[in-house]
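Before anything else, here's the structure in question.
Residue numbering begins at 1 within each chain, and the chains themselves are lettered A, B, C and D in the order written.
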Amino acid sequence: MKVTFGTHTLEITPTGDSYVAALNDKTINVQIVRADSGRLDLLVDGKRVTAYVSSDLAKRWVTLDGQTMLLTKTSGAKPGVRHDYAGGLTAPMPGQVRSVSVSEGEVVKKGQTLLTMEAMKMEIRIQALKDGRVKTVHVKPGQSVEREQILMEMEDE
Amino acid sequence: MTITPLPFSKILIANRGEIAIRIMRACRELNIPSVAVYSEADANAQHVQCADEAVLIGPPAPKESYLNVDHLLDAARHSGADAIHPGYGFLSENASFASAVESAHLTFIGPSADSIRAMGDKAESKIRMKQAAVPTVPGFENLESEQEFKRAAGEIGYPVLVKAAAGGGGKGMRVVHAESELSEAIALARREALNSFGDERLLIEKYLVEAHHVEIQVFGDKHGNLVHLFERECSVQRRHQKIIEESPSPLLTPQVRARMGEAAVNAAKAVGYFNAGTVEFIFDPRADSFYFLEMNTRLQVEHPVTELVSGLDLVQWQIRVAAGERFPFEQSGLHQRGHAIECRVYAEDPASGFLPSTGKLLQFIEPRGPGIRVDSGFRAGDIVTHFYDPLLAKLIVYGETRASAIQRMKIALRDFIVHGVTTNLDYMQSVLAHEDFAAGRVSTNWVEDHVREWTPAVPTEEALIAAALADVAFAASKSQSSISTETDPFNPWKQSNNFRN
Amino acid sequence: MTITPLPFSKILIANRGEIAIRIMRACRELNIPSVAVYSEADANAQHVQCADEAVLIGPPAPKESYLNVDHLLDAARHSGADAIHPGYGFLSENASFASAVESAHLTFIGPSADSIRAMGDKAESKIRMKQAAVPTVPGFENLESEQEFKRAAGEIGYPVLVKAAAGGGGKGMRVVHAESELSEAIALARREALNSFGDERLLIEKYLVEAHHVEIQVFGDKHGNLVHLFERECSVQRRHQKIIEESPSPLLTPQVRARMGEAAVNAAKAVGYFNAGTVEFIFDPRADSFYFLEMNTRLQVEHPVTELVSGLDLVQWQIRVAAGERFPFEQSGLHQRGHAIECRVYAEDPASGFLPSTGKLLQFIEPRGPGIRVDSGFRAGDIVTHFYDPLLAKLIVYGETRASAIQRMKIALRDFIVHGVTTNLDYMQSVLAHEDFAAGRVSTNWVEDHVREWTPAVPTEEALIAAALADVAFAASKSQSSISTETDPFNPWKQSNNFRN
Amino acid sequence: MKVTFGTHTLEITPTGDSYVAALNDKTINVQIVRADSGRLDLLVDGKRVTAYVSSDLAKRWVTLDGQTMLLTKTSGAKPGVRHDYAGGLTAPMPGQVRSVSVSEGEVVKKGQTLLTMEAMKMEIRIQALKDGRVKTVHVKPGQSVEREQILMEMEDE
């Protein structure tokens, strides 16, 4: 079984009562001691490891030793889809657009407030990441937006 | 040796999330049925499941549900509740609501509307405190034009703090470092103030750079007894909102503690206070001086740390005091014992400026063990929406000493498993492990500096392996709840015969 | 303000279940890695998952694993542990084990082998206590023939108690009401004594009919400081084993408490005691008199109630004392605060004479909330076998007063969900709700009388409906973790328009 | 859907977004508010009810309002199988037979100890429920027995 998370590809092979994982030119012996309710008790090269794992489509949430990591399962052939759409400003969280301070074609400075959003009773300012020109504005004040929805697109001046 | 029956036949809790559940637990323990209210977004929320009855009060937007006084009073009438507990946030510090509750011949579980009004107006309260000889921060109130703000800020000296006169909880609050930032800060703070409190008036005051936030819990019955339950150190903040609180403060000497307690009791007495309240101070550890900041005329998010060190149940006492009970204790009989710390577990991403995170909770496993308490509002399968405050749970620990409480908290944070939304759990671990925290050197702007050094965990080899194997392992265990290997890897007989001889 | 590093690099816990986990938590908090030991039946047990390392020590039968001194010492050597904590039960009160541990140049986390030996022999300890002017129960030791037992019993007067000289925990103990029962009781007690302690000697003493079991927690460091941490009332028992314990006792006056505490400290001093120990007394509330029963030279199952009222962590202190630390407190600085109750949750059937119940835990949901602590040894999916004591968990609550602690415990018992084995949860609810318990009138033989009035719950209509619908509902929710109905039943707009106007 | 638990038979019929349960000549309206992880949040005739339910083959463990009940799903046609085998003495729990004090054909008195077992470090005496004669002894000292395994059979004298 071959699995890819981002830039890491693992080859997992069952061998009797355990598994061999090949990763980054290393070979690791893994045994599943117990698996229930999103919890895995493993022996990784003889060391006891408890991992909590949840799946949400291609995403895998993993907690190990109190550290939580989010992995995305990708097809090994293609690079993963990037969330920060090139040149686009996306909504950091779901909410409502409060105001749009710029119009299409306007030249803006790095750090300038382009748009404000409201979510969870907070006001969030969306600012320009660098100097440039507003290419397209996709949203209007009052509009509800999803997380990672593209709000506006920028281009170099 | 039985509990005296209280005069309430049913209590409506005008709130949601962990605090609604906390109050319902107290109701259950006092044998009083509780009524939950909920918005359309909260139909499946834990506080609804936890109540004896539940009433829908409107759409998700707080203005149309949890902040809608008419709907709440209708719900109380409808369900036959004779008292209302407002929790914290929402309408808890709204004097008009307290008045409306009393006008409807219901008991408001909190202070009088007059006390709320007197302390709710930050400008007015500051004047009152000056009269009561409680030390206050240099600042100005009742400013209108931008010119007036500019003049005031110049006189105080930058940095200054612009904040909502009617506010609290960090909403409608902005630090301004230079005159060029003042105009936008005023506009934003005004809008947030209007949105959060329905009142856009602002005040301006000196912003202390190395300030610590230390507050005193006060409590009064309706018979004139007013005590304090010692301090809480609440200096670990982001966006002016507390994330870690503890009691005792590592910085207060017994002398300063006594003086601060006395000042807090005087502040509360100046407004004829009863029920639970908190007097917040800015504390300058270099000068051992403190200034009155504001009084929160309600139960505080961080009340559990006081419960653990004082041994008292603050929420039960809120209900008892509202019912007219008299304190069986006096100030001299109250003592701090041990050390308590609270960490607020938020659905938010510390790596992206603590922006809230939403989604379905795929796992939600609370830590447990001696000295660990979790006040939570969620369980696995629940959905965290963007409509409300992203507080998932409060993790509180008790230890004999500060060092042992810190150690216990570090372990508890590691054992708290939340999947489906990003949380600040990992970040708080780094705060607890930091030498500045151990030394009590964390002032209110420390997080802003420290979070830049912090990065979330990078996937390890073991994480990649666990993620890959999970698909196999959980698929295999679908029909049964666990799988076990027949052979045991630690079997010593595999290696040697020493035990069998 | 950091924790002083202790001289142990690794601690082996020679036990299983909840107590092994409790000790591992303390180790983690003191930054000391822990080593679990386990039998073949416990390969998947929680205490194994909880440890930093785990060593298999033999087959399921205790004699071949948890009671096997050689295997335990080999496991310690193998893993590099330099101290051993025995927990309670198993080898915890075995002086030879304590000696063997010290001979192997490891630290035994408990009292000296001499103290254990002196108190372990019930006959010898009674003589010692008489010498130390600690009041003892009338009785006889060193009896051999049935004739001698008969003569002794006749002299004391029936009912009498026949019990193992080396015993503890109700094992090898029989109440004899008439001479005709004496012979079989001696035979059974001898066999159980031999089986449990490897020593068949018995003693005989007066059995007090309305007796209460009150015990005093003592604690000594290795520098001659010996304090007591007040009493625990442990009169709710079945088969001479405690099921509910509390502190303070509802029956003790401050005067009796002080006298009993002093007697316990004298008892401990008489055998040069250090580390945690418990002096058990029979208490006659009508005469306010008490008699020394025995001393348990180990940590007690019910230590959490003392932790909650004293604010001290007894297990951490056991390790610290073993490491040579000195108490930073004195008797005068120790106080009881509030009230704590413990309920022992057993996999057993109260309706069938409390016979143990075995099986797979289909659900195991622990109650939570302020003032609730659960020390457990299981999670859902675990299997409860017949090899060991059927204790699933200890449920402990804290309240400001006895009445509020009882109320909190009632709720916590209701919120504890265990499926797959029969438990005593429902039965304990009936005890907590009984007026005799509220009035502190429960003596040690109360359960035997009371359990006859008790019957388990009869399936209700709602239960039948829930059972029938579960098959449908859980089948539907297999692919997703929850299902919700679109329409909300509490929607007030369905009934009226009062909120929309 | 028709379900029988012991002597109770329920008829459950889906109606739109809820169910109607017919039981003992009563008709009860039930709605499933939420169902996950062995927990059911129901509306039973408009009343909020939380039930914890686990299945183990034909057995159903149900906890309602802090009361745990064990139901056994049976075929509606036949009565349930009785566990207390007529005339037989069964093991109350899994364990090991320690001693057998009687032999086949022996006449015994009510309350007489017939056999001792050991389980969980306890000694358990199996006593005659009434006067009678030992018909068959199925076990030997040292033998491991399962819960409800028949240990010996009795007959009237």
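Everything below uses one rule, namely that a residue touches a chain if its C-beta (ideal position, glycine included) is under 8 Å from a C-beta of that chain, and two chains touch if they have at least 3 such contacts.
Given the structure is predicted, the values throughout are model-derived calculations rather than measurements.
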| item | value |
| --- | --- |
| Distance between chain centroids, defined by C-alpha means - chain A, chain C (Å) | 49 |
| Rounded Å distance between chain A and chain B, as computed from the means of their C-alpha atoms | 29 |
| Between chain B and chain C, centroid-to-centroid distance (C-alpha), Å | 36 |
| Residues of chain B whose C-beta touches two or more other chains | 44, 54, 360, 362, 380-381, 481-482, 484 |
| Of all residues in chain A, the ones touching two or more other chains | 33-34, 36-37 |
| Arrangement of touching chains [line / ring / star / complete / other] | other |
| Chains grouped in pairs wherever the two touch, ordered by label | A-B, A-C, B-C, B-D, C-D |
| Residues of chain B that touch chain C when the two form their complex | 1-3, 22, 25, 28-31, 40, 43-44, 54-58, 70-71, 74, 78, 250, 304, 307, 311-313, 316, 337-338, 360, 362, 366, 368-371, 373-375, 380-381, 399-404, 407-408, 411, 438-440, 481-482, 484, 488, 490-492, 498-499 |
| Touching residues on chain B, where the partner in the complex is chain A | 62, 171, 184, 188, 191-192, 195-196, 239, 352, 355-360, 362-363, 365, 386-390, 413-415, 417-420, 422-423, 425-426, 429, 456-474, 476-477, 481-487, 489 |
| Residues on chain C engaged by chain A in the complex (per definition of touch) | 44, 49, 52-54, 380-381 |
| For the chain A and chain B complex, residues of the former touching the latter | 1, 3, 5-6, 8, 10, 12, 17, 19, 21, 23-24, 26, 28, 30-38, 40, 42-44, 46, 49, 51-56, 60-71, 73, 92-95, 113, 118-124, 147 |
| In the complex with chain B, residue positions of chain D that touch it | 33-34, 36-37, 41, 48, 50 |
